[in-house]
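A, B and C are the chain letters, set down in written order, and residue numbers restart from 1 in every chain.
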Amino acid sequence: MSVLTVCPYCGTGCQIIVNDSDTGERVTGYSKSPVNSGKLCIKGYSGLSYNFSKQRLKYPQIKRNGEFVRVTWEEAFGEVSTKLLGIIKRYGPDAVAFQSSAKCTNEENYLMQKIARLVGTNNIDHCARSCHSPTALGLITTLGAGAATGSIRSLEDSKTYFVIGSNTTEQHPIIGTEIVKERKKGKNLVVADPRKTQLAELATLHLQFNPGTDVALLNSIMYSILEEQLQDENFIESRTQGYTDFKTEVEKYAPEVTEGITGIDPQDIREAARLIASERPTAILYAMGITQHIHGTENVMSVSNLALLTGNIGVRGSGIFPLRGQNNVQGSSDMGDLSEWYPGYVPVDSPRVKKFEELWQKTLPKTKGLALSEMFDAAADGRIKAIYVMGENPLVTETAISDVEKGIENLELFVVQDIFMTLTAGAADVVLPAATSLEKEGTFTNTERRIQKVNKVFDPPGEAKPDWWILNEIGKRVAGIRGYVSPRMIFEEIGNAIPSYSGASYDNIYPTGKQWPINSDEPDGTEILHTKSFPIGRGKFIPVSYGPPAESVDEKYDLIMTTGRNYFHYHSGTMSRRTDILNRESPGPYAEISPEDAKRLGVRNSQYITIESRHGSIKTQARITNRVPAGIIFVPFHFDESRVNRLVGKKLDPLSKIPEFKVVAVRVLT
Amino acid sequence: MYSIEFKTKNKGKAGQFYMLSVPGVGEAPISVASGSGRRLVFTIRSIGTVTARMKGSKSVGLRGPYGTYWPWKDNDEIVAVAGGIGVPPIRSLIEEMEDSKMTERLEVLYGARSPSDIVYKNQFKEWKKDLDIHITVDKGDSEWKGSVGFVPSLLKDSHFSKNAALFVIGPPLMMMNTVKEALKLGYKDDRIFLSLERRMECGIGVCGHCNVGQYYACESGPIFNYSTVKGEQELFL
Amino acid sequence: MKEVFAAISKDFETFGTIEKEGEVIFDKVNDFEHISEKRSRYAPKEFLIKRNENVLLLEEQTRRAVFGVKSCDLKGFYQMDKQILGKDPFYTERREKTLFVNFVCNEPCDGGFCTSFGGPILDQYDLQVLRDGKDYHIMVSDKFKEYFNDYREEGDSFFSRFSESFNSKMDVLPVDGLEGRMKWNSGLWKEFASRCISCGACNFSCPTCYCFDLYDDENERKREWDSCILSGFTSSSAGNVRKDLDERLRQRFYHKYVYFKKSKGEYLCTGCNRCVEDCPVGIDIKEVITHDYSIE
C-alpha cells in the first residue's frame, strides 16, 4: 500500500507518496502536487528513517526517584490530570503553561490551545514565537493577514526575486530550486545575506550586508526607489495609507549614509532598487534572517513597505513570502497557539473572543498569556508551576538555556509528549510517547497557506499514540471537553472557529490541498491574497527607523555570530539526527569561520575551538569556509552536545517577543 | 593508537582487512596487523566514531577477511615502503615472511612524522635483528640519531635490484611521492603495489562507496597493482 | 492475459501498477484488470533493494510477481546484476524469487531515450508483454514456460517489426564511445554543481543505482539507499576523494558511462529519463551524452 501525505520537515510542505513495509517503504514526490510537482530534497528522500528508529518512545513513563518507570496510559493520565488540577486549584490557571508544536497537526494544535483556554489560561505558545511571530504581527498590522501573499507556483511569473535573510536552497529547498531554475532562464535575483549562500552565488546582485542592519538596508533601497521615482504611484494612491509619514522617514536613509551601517556600496543599493522596482513583478522572500532580531517586527514591516511602495502585491509573481520554518508553523499559528491570539488571529482582549465562548460553552481568559520566551523565567520565579510540552525541545532551542534549566527544576509538574527521549523529555516528570506524522491523520498548512491532508502510513511503535488522542484524553480529564473520536471531527470544529478555514473539509483538501481563505466566497481557496483590497481596507505604510541590534562587537567580543539551520538537519535534530544519511552528512557541531578570521586566530580546519559570548560558552569544531565573510561566524543550533543557544542573549523584540538569534557578539578561543 | 588481539586465528593474509564493529555504533574496515595463521591482531587509531568506541568496548564484532593481499610469495625481492600509521599491514607481512623464513627477501622502509609517532617502536627493535629495516622521521628530536627526511628518499639506498617489488602503504601524499621516486629510479610500474584506503562499508563490492575508478577497493583492492590503476584520476585522494 | 495472471497468482504474491490520485504506483493486485499499462511514477527498485532494512537477519522471501514494470526499469536490474548478483545476499534472494512482467511501451515517452541503449524490447526478461490492440504478444523466458503450455507459439517477427518502428520514432543519442569522449575537467560538472541542491533524486529514481549505506541502530545493523551526490558518501578518516559537489556529480556520470562500461562492458543507464524528471533544477543526463567535449 502507498499513502499520499506531507513531508514532515520544512514549511514548503512537499507532498510525498510513502510505501508501507510491504511495498518497500519508498518515498516519492507527488508529481501532481502544486507545491513540489514531484520534487523533493534530501530530507524528503532520506529523512524518514527516524520513524523506524529503535530509540522511539514506546510507552508512557513517570520519573520516580530520578528514574523513568514504565507505566500504563491510565496511570500516566491519572498522574498528569491529578497534578494539573491540583496546581490549578492551588495557584490558579495561570500557574499552568502549555507549549504546542509547529510539527504537530492543525487538529492537535487546535486541541491544545482549546485545553489551555478551557482550563482558564492564555499561557499557550509554541516555536512560532522563535521564528515567525514578527511576521504574524507585522503583516497583520500592515496588510491584515500574516501569511504569504502568493503561491509557490506563482513564483514562475516573477521577473525579479528579492531574497533577504533566507538560505532558500538549503532551508526551503524546493522553493529554492524554483528560483535557481528561473534564474538560469535569465530572471533577476537580488540576494541580501551576510553569508554567501548558493543563491547568492547565482545572484545578479549579492548584498552581503552586516547582520542586524536590515532596516537601514531596506530603507536605503526605498530611498533610492523614491530618488529615481520608481515607486508605483498608482498603487500607492489607490491601495495604501500612511505614505507621507513613511516617506519622511525613508528620506533620511541615503545609501551614502547607510553604507557605514550596512557595509553596502551605494551603487549596489541603487541597482537593487532598480531591479526590485522596475523589473516587476518582484517576489520578496524572507525567513529567519529578517525575523530573529530584536527589531524583527520592524524588519517585517519594512519588507511590507517595500512591497507596497513598488506595487508588488496582489499580482501573480509579486508578493511577500515569509518562508515558514516548520512544516506546520502557518497552521499552528492559525490555530491560535500563541499567547496573544485565539484561533484565526483574534486578539485575546478582543470582543470577538465571545465567539469562542459560545463555541466552547465557557467563559474564557482575555488577557495575554506568557510567550514561549517568558515561560521558563516565570517557572524560575515561581509564577508557573506546571508546563506541558508537546513536541518541542526547549532545552536546545530556547535562549539562555541555563535559565530554562532553572525554570524546569522549579516546576511541580513537567510533562513532555514526544517521539524520542529528547534532552527536554529527559528532564520531564512524565513522558508520553507520541506517534509521528507518518503514523497519524490530520492536516498541515504550509508556507503558502495550503491546507494539506496528512495520512497514516505506518502503525506507531509499542503503545505510542497520536498527539490528538493523548490531548483528547488529557482534555477530557482536565478541561471537560466531551472528547473527539477522530481528527476529522476536530477539523470540522476548526472550520467553525476560523472563518478562513470554513470552506475546507477532509474531502475537498485531498489530494492537492487548498489555500486559505477558503470559505463560501472562495470555495476553492485563494491563491493570491490582496488582489483587490486588503482585509484592513488599505495597506498600511509604517515608518520604521533603524535601531542597532542588541549586541555589537567590542574589543573583547570581536566577532558577530549568527545561528541557523543547515541543509541536513532540522532544529534540535530530534528527527534528523536519528536518520542515518542526514546524520552521516552532518554528524556533529561546528562553526563556520572565514579564512581571514581563522588565519588571524590561528585556527586550523576541524580544530576544536571555544566560542564565548557575554552569556556563555560552547566547544565546537571550526569549519573554515568562504561562505561567511570576515568578522562573522555561523553556528547551527542542531546539536545538543554543543548548544549554541547558551550563547544567545535574552533580549526580545518588544513587539513580538522573539529573541535575537541572528546577532550575538562572541569571541573565539583556541 | 591501540592494538586489540582476538583469540581466533587470522584466516586472512597480509594486506587484507576485516570489518570490525561495535554493536550499536557501527563498523569500520581495519587491516590485519598479524601474520596469517597467527592470532588475529589489529592496530587501530581512534579517529572515527567506531574506532574511538572500540577501545574498551566489551564486545567487538568481526567479519572477513576481505580484499586482496601483498603478493610476497611471487617475488624474490620486496621493498615495503610504509608511512605513518599505515604500517600494520607491513607488520602482518613481516610476521608471515618470518613464519616462512623468507625475511631475507624483504627490506622495510618506514617513515614517521616524528620519533614519537613511530608505531611498533619495540617490535621494530626486535625485527631489526634479522631484517633489513630503515626508519626515517620528517623531524627529529634531541634524542633521535636515525635518519631525517621523507621516506621516498630512502628508496635509492635499497640493496635490491630495480626489479624488486614495491609494497607501498601510507598517507596519500607519501604514496604519491614514493611512486614518483620509484619510477624515476627505474622500478617497473607493474611491480609496484599500493594499498589504497577508501570508505568501505560492505567489504564485498556491493555498497558502492569505495570505488577507485572502475574498481571497488574492497573487491579489487585494497592492494592494487599500480599499472592497473595508474590511469585513475582519483588515485591519491 | 487474465488466465496467465490467475495461474501466476497461485504461485506468487502478485503486485502491479495501479493508479492512485493520478499517480501510477506499485501495490498488491488481485486481478489483471486493475493493472495500469501507464508508465509507473518510479522504477520499482525497492522490490529487490528495500529502502531501509536490517541486514543482520535475512528472512526467507516470498515469491513475488510484479506486473507492469517498464522495460527501462527492468533493464536496470539486469545491469546491476553484473555487479551485485550473487554477492549481495538480500538482492540475490529477492532477485531469484521475484518474477517481473515487463510491459513494453507502445509509444515513446516524453524525454525517454531507451533506444540509445537498445530500446524497449529487452534481450533478457521473465515475461515480456507487448500489447497489440486486444492481443498480447508475450516473450517468455525458459524459467516461466510452464505458464504458457496451452498457448500458440509465434515467431519473433512481430517483436522485431515493432522494435524497428518504435526505434524510428525516437532519436538515438551518440552513446557509442562515450567512455572515451567524456572529459574529467569538463565545464559541465561545475555548471551542474552551481544548480544542484544535493537532493539525491537522480540516485533514488535511477533503476540502475544500487549503492547503500550501512549503519547501526541499537541491536540492528541497517542498510539504507545512499546517494553518491552527498559528501559523506566517500568521506572517511583518511579524507575525502570527492570534497566538492562537481566532483561528486562527475562520479555519478563516470560510473554510468565510463567505469561500468570498462568493468562490465555495458553502460549503467537504461535511458529511462527518471533522473531528469525528478531533478528539481533541470540537470539533464542527456547533456552528458550529447555535450561536445572536443571543444573544451
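To be clear about the criterion, contacts are C-beta pairs under 8 Å (C-beta built on N, C-alpha and C of every residue); 3 or more make two chains touch, one makes a residue touch a chain.
Keep in mind that what you see is a predicted model, and the values were worked out from it rather than measured.
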The larger set of C-beta contacts, choosing between B-C and A-C, lies at A-C
Of all chains shown, the one whose Cα mean is least distant from the combined Cα mean is A
Distance between the CA centroids of chain A and chain B (whole Å) is 52
Between chain B and chain C, the Cα-mean centres are separated in Å by 39
Residue numbers in chain C touching two or more further chains are 213, 215, 217-219, 226
Within chain A, the set of residues that touch 2 or more other chains is 587
Touching chain B in the complex, chain C uses residues 83-84, 87-88, 91, 184, 210-219, 221, 223, 226, 228, 233-242, 251, 255, 258-260, 262-263
In the complex, chain B touches chain C at residues 21-27, 45, 47-48, 51, 171-172, 197-199, 201-202, 204-209, 211, 213-215, 233-234, 237
Counting only contacts in the complex, chain C reaches chain A at residues 15, 20-23, 25-28, 41-42, 44-47, 50-52, 194-195, 197-201, 204, 213, 215, 217-220, 222, 224-227, 230-232, 277-282
Within their complex, chain A touches chain C through residues 1-2, 4, 17, 19, 22-32, 38-42, 44-46, 49, 52-55, 169-170, 173-174, 176-177, 180-181, 184, 198, 201-202, 511, 567, 580-581, 584-585, 587
